[in-house]
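Input: structures, listed below.
The two complexes that follow have chain A in common; it is paired with chain B in the first and with chain C in the second.
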Partner chain A sequence: MAKYKLPKPGELSSSINYNPPAKDWMDIPVEFKPATYPAAAKEKDLLTVGFPNAHQWTPEDEDWNLPDGWEDTVIKGIEERLSKYRSFKLFMDVCVRCGACADKCHFYIGTGDPKNMPVVRAELLRSVYKRYFTKAGKVLGRLAGARDLDADVLKEWWYYFFQCTECRRCSVFCPYGIDTAELTIMGRELLNLLGLNINWIAGPVAACYSKGNHLGIEPHALKSNIELMIDDIEDITGIRVNPTFNRKGAEILFVTPSGDYMGEPGIYTCMGYLMLFHELGLDYTWSTYASEGGNFGFFTSNDMAKRLNSKIYAEAKRLGVKWILGGECGHMWRVLNQYMDTWNGPADFLEVPVSPITGTRFENAKSTKMVHITEFTADLIKHNKLKLDPTRNDHLRVTFHDSCNPARGMGLFEEPRYVIKSVCNNFFEMPENTIREKTFCCGSGSGLNATENMEERMRGGFPRANAVKYVHDKHGVNMLANICAVDRAAFPALMDYWVPGVGVTGTHELVANALVMTGEKERTTNLRGEDLPGKEGNE
Partner chain B sequence: MDSKLKDLLEKKRSELVSKWIDAIISTYPNDPSGMLKNKKDRFENPIGHTITNVTQNLFQALLDEKSFTDCKQLLDDIIRVRAVQDFAPSKAVSFIFMLKNVVREELGKEIRQNQIYEEIFKFESQLDDLALFAFDIYSGCREQLNQLKTDELKRMTFTLLKKANLMSEIPAQEFEHKELKFNL
Partner chain C sequence: MKAFYSFLAVIVLILVAIIGGSIANLHFFFGIIIPYVAFVLFVGGFIYRIIKWGRSPVPYRIPTTCGQQKSLPWIKQAKIENPTSALGVIVRMASEVLLFRSLFRNTKTELREGENGPQLAYGSAKWLWLGSLAFHWSFLIIVIRHLRFFLEPIPVALQMVDSVDSMLQIGLPQIYITDLLFLAAITFLFLRRVCVPRIKYISLPADYFPLLLIFGIAVSGILMRYFDKVDLISVKELALGIATLHPVLPSDIGAIFYVHLFLICCLFVYFPTSKLMHMGGIFMSPTRNMISNNRMVRHINPWNHAVEVHSYAEYEDEFREKMKKAGIPVEKE
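Up next is the complex of A and B:
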């Protein structure tokens, strides 16, 4: 029998190095590991909207089939954007690397990867800016923190710009007000010039462009989806609500993210809107054309976002409504609140929104003419216009997640809380440094809520889930309320993984469950068909 | 556990736990800011908090010779994090073996002087078994990740399938005959 020299245990263990290399960030190449990044955009989707350099590729390929002269395209792209957006130029120059933002990003907190520090994420782009647009960078190169643009740099951009949810938590802490989300937006625009987008963004953009909403729901399907909800509402309340579609002359146009039309738990929020509007006798209409409040174009380029957004005012004009009411969505409200007016306004054919029920004039929306539904509902409750029975939500111990964009993009903190506290008896806040303007992102925003990058989402969402776990353990919280369709889609998986036993709900689902409607039958179940507290076993 | 070894471990507890924490943190990318180790807020540094909390309590559990079932929640807390953090399976659970090296390095002299090799072997075997147990938890987390993907797809498409009459729920009233007994 041949003799083999076996290695000794010490020799074996010494061959394993658990420590990552201590190199400069510029010298560490990106490694594409499965389930940590989204799938590449499909050629057909980019062609649908006329995006440049549509081609087939996958991130794990060595060769990304980049077009000839791609470096020039990117450099010219940077040049064009520097001249167009003063903020971009300012953010490239003004950072002093103070580090205030460094540990504020949920992806950095959840991964420990320094390239997820907002300052380094910005540096990925800034280093190239320095090399081609600053004297110091041109002369001193790496000494001045500059580097050449090559394929590896591009891959690094792609990996980390699609590992930022544009949530803007870091910008809250920056003493110079640098908005790293804007740098991610610029980075994604540059990648988009080369056809390097992701499927979960490019698909919805193409669908929205051709069908009016991200999910590609056609008018008849949208109507029949809502009719299904109407049937369910009738089963539960005994009341048949009668919404109208594309009705000219309605007072209000209602626009909501398409995530509310399909999929759980979004549909329950949608049922909530239907019930509330019916109870108020609101003169409103749905639109099968402006059937999307969200705007994934915002995650590709400024021009695309503007194109997709234009349908909202166009439809309001066509239908001749007075003003627009908007549903629960996150980035939708950053776009509507901060961009819509400049892109596609002025909406001078609309009137300053006035609640037909309370007479409240929404001065905050006098320019955009679009009101957030929690502002609208909070105003109703404040004026005592709704009959509510919060005990129907007594089995719930609720906490509220401030969705990043309504919180940091429009300062919407109090209205959703006021609404939830009015319809639920058990409400508990998460710790102060994880809510309001310091809220932690769900980890799936800005088009990252694909399924294939589940691990990326789980670690990005860990800081949020960790705060939910705290109130779950301390107060027995079992329901996470929010005002965002991406939250409703992404949180169930996040909660199942990190804090099992916590459900996810839109705010208007809670409202509708507590809402006592005129002429309703005695309710025994909530909108999900679950027994109401004290009504168990009643069939 | 032999009282000599236990005394040694208790005496050097803070050094051992601190080095164990350092070893675990060194598996993360090199980070000059030192956030994982230095930031104390449990909400702003949940990974660091988890590592500190788990190592301290797991160390105590080992001293107390608690059963693995009692350690399950602690192990779950840290493995759940490492299961989604780009680590190979071996690396994700490697943190348990790291305690062996830490103990050998810190207590090498005392172990030789007191001739407590047998106790050390026992202690290390205990860690080996704990690592196997940890691997079960790791596998559970990974399986759950796949399940989450399936569940998410179901949630997204449920309404569609119902609408296309490809799926229908059995209405509750069909169970009205549930009291009847059938002889099958």
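Up next is the complex of A and C:
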């Protein structure tokens, strides 16, 4: 592995070939190409959350140390899920292989590997379903597209279900709405039954379960991380913001992905929240127990996702807040929007969210009682409640990346755009087929944002990066805005690789830079400590 | 090879039908017994499959949102692509079922070498949409037209369908527009599976077989109507008899009719066991048929079982000292 060197962008793109191989995909054994797959989960992390069959193994091993009777476990697992999920059963049956999805997957576009076509990714599982659950498959076998489950098939599942980011782009184009995310979720649940998870998911899951967030930041450390940001904010604005932690009786509980607590550029977004809330005089609290908005459990099993998610409502109840405000994160909002209330609701101890500043009642969140921060901020700006100086962002030429989950699992399109356009004068959209419901994944979602699989990430992010490159070349775009912590973590590497010269920012970093705070000193730098336009060389 | 197997299967079916049609003793079997059996299997199988899907619950509300959500009053919601009302869902589903909305979005991805390095482009690709639409709609109209064999007197609405469909008055008998469209569409759908490398790669025998079978039905039907004409009075006599459960076997209809009928019976029997069930499945797809009101109305999962969680009390027990030291409030001092 040490010898591996990421190919140059030109080499990588010229290695993509969309002509299918001569051999049928069933006859091509899975090949673990270097840097295209994440590392195996650690035994201890699986044990922390009580996952079955925790054991030590690596993907390169010939023998994965599978437990005795694993085939049975998988087949029974399929059977159970077929009876629990209509989506699974239906999507196994109704695909006509029309091919509309084939070239819609970012991993297919970036690799040309036919098993990354959503239709074939589904066939990886469907072929086994046919063999064990349909008459045609039992009788006709291969002729019906069926095949036996064996260790090679399992390895193939592992390789390709961790080469899907559950972004749902294919489901937009499918005439029956077949959602590969549903199938990848099922596939990963099945692998999880055998202890075959990945490190970049299992580690955060274990940390989140025991410590409250994916990064495993303990309560005192979380507080001191934020205090460091408070110091920086004071240096830049002259204002000392004063957030509270685990405070009972606050009106609002604020929950954000832990990616915002550590590392650039995530912390700038976090500083943005702190400054905005301070300026509003918002009666809100952070929680160290529910210090994670994201949910990597969602990438292992729905049960695990529910276990992690339970903390948010539990903490809201304990602290006696009225409603919950959620930060910028992608899959977090898929989970909050489409799962949380079902899993852990009803949140009848909370009130329908009302903005204390504008009086706007968020009827759209009347059951979950959780509002997205761009909904909250867009409402503030619309009501002229913020004093903004967009010229402070004039050195930026900004484009916006719709994160997969808020796009296709929510429909959050206009709110972040409205916010960004209000705080930036130079905004440019990427081409139509690459934004909104047709947005391309960063290539690192659903737990694939590790380093050992860098080539996979660069390939998966190629379509997104290429669209950024288009506006970079055409309009001089130099900043990629987003509303997702994984984006903020993954894009810097992707941009450096494909479109050098484009930075990455959260939306509330842009807001905070433009925000004119009451009593602030004259700002000369932005949150990153870079000179503001027109203020160069002041100090 | 996969297409060839399917082709072979259809040929065998045609041969069986020809034998059935040319031996008078078998006419009762092929003309009456098989159609009844096929019809029962089709209806029964169809219902069985729908019930089987229906028995699995929909634990989560997972619409694929293809437009702006309903949030703030001044932001325009995409009421069809991201529906929050039953009406919105009905319109969304109708546009999927009747107009193939999602397929209309189709694009074609191309990777080319541009001035500044590789460039991805997404071109328009409406042929699949057009071909599928032509195929399904002409199929539907042809099926509706066939009802005239089962009804006496023929309803006015049916007569109108017939006269509109045959308004291109070319020769006699009048040529149906849908016949032409149907043949063209099946040919297109088949050829793309054989000629487009990527589509060929993903195609299974189960994709070729129904196309070829339906092609056989269409061709035998057309032969019967325009070339090797059969006695339509006899066909109607048989059809009416079957429909009224008083089947009578007319003396001589012609072997080609038996081929047509037998292939239709095969399609009926095959239908519920196959991907053709997308006809019923499309109505049940949770990513399309659910109201996208997730945060407004709680969705109930019937098997929402309790799970083990890490409670706040456990968390505080673990971190109490550190929390106190950092000045974070705790429940138990």
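Everything that follows uses one rule, which is that the second predicted complex is superposed on the first by the 518 of 539 C-alpha atoms of A that agree within 3 Å, B and C clash if a C-alpha of one lies under 4 Å from a C-alpha of the other, contacts with A are read in each partner's own complex, and residues count from 1 in each chain.
Heads up, the rule we're going with is that a residue touches a chain if its C-beta (ideal position, glycine included) is under 8 Å from a C-beta of that chain, and two chains touch if they have at least 3 such contacts.
Predicted model, so just to flag it, every value in this text is computed and none were measured.
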Message: For the combined arrangement obtained by superposing on chain A, do chain B and chain C clash, or do they fit?
response: clash
- prompt: In the superposed arrangement, does chain B or chain C reach more residues of chain A?
  reply: C
Message: On the A-aligned overlay, A:382 touches which partner chain: chain B = first, chain C = second, or both, or neither?
response: second
- request: Check whether A:365 is in contact with chain B, with chain C, with both or with neither, and answer first, second, both or neither.
  value: second
Query: Does the superposition put A:433 against chain B (first), chain C (second), both, or neither?
result: both
- request: With the two complexes superposed on chain A, say which partner A:463 touches: chain B (first), chain C (second), both, or neither.
  value: both
Message: On the A-aligned overlay, A:220 touches which partner chain: chain B = first, chain C = second, or both, or neither?
response: second
Task: Classify the contacts of A:228 with the two partner chains as first (chain B alone), second (chain C alone), both, or neither.
output: first
- request: Go through the superposed model and pick first if A:497 touches only chain B, second if only chain C, both, or neither.
  value: first
- request: Determine, under the contact definition given at the top, whether A:109 touches first (chain B), second (chain C), both, or neither.
  value: both
- prompt: Where does A:99 make contact in the superposed view: on chain B (first), on chain C (second), on both, or on neither?
  reply: both
Query: chain C clashes with which stretch of chain B: 2-10, 38-46 or 110-118?
result: 38-46
- line: chain B and chain C footprints on chain A meet at residues 13, 18-20, 99, 102-104, 109, 114, 117, 224, 431, 433-434, 462-463, 466-467, 470
Field: chain A contact footprint on chain B (complex, rising order)
entry: 23, 26-33, 35-36, 39, 41-47, 80-81, 84-86, 91, 94, 98, 101, 141, 144-145, 148-149, 151-153, 155-160, 162-163, 172-173
- prompt: Which part of chain A faces chain B closely enough to touch in the complex?
  reply: 13, 18-23, 28, 33, 35-36, 99, 102-104, 108-114, 117, 221, 224-225, 228, 261-265, 267, 431, 433-434, 451-452, 454-455, 458-459, 462-463, 466-467, 470, 489, 492-493, 496-498, 539
Statement: In the complex, chain A touches chain C at residues 9-10, 13-14, 16, 18-20, 24-25, 50, 82-90, 93-100, 102-104, 109, 114, 117, 119-120, 123, 135-136, 143-145, 168, 171-179, 182, 209-210, 212, 218-220, 223-224, 245-248, 288-289, 302-303, 306-307, 310-311, 314-315, 318, 337-339, 341-343, 345-346, 360, 362-368, 370, 375, 378-379, 382, 407-415, 418, 431, 433-434, 437-438, 462-463, 466-467, 469-470, 473
Query: Can you name the residues of chain C that touch chain A in the complex?
result: 5, 49, 52-62, 64-72, 74-76, 78, 81-82, 96, 100, 102-103, 105-109, 111, 113, 116-120, 122, 128, 132, 196-207, 273-275, 277-278, 281-282, 284-288, 292, 294-301, 303-304, 307-312, 315-316, 318-319, 322-323, 325-330
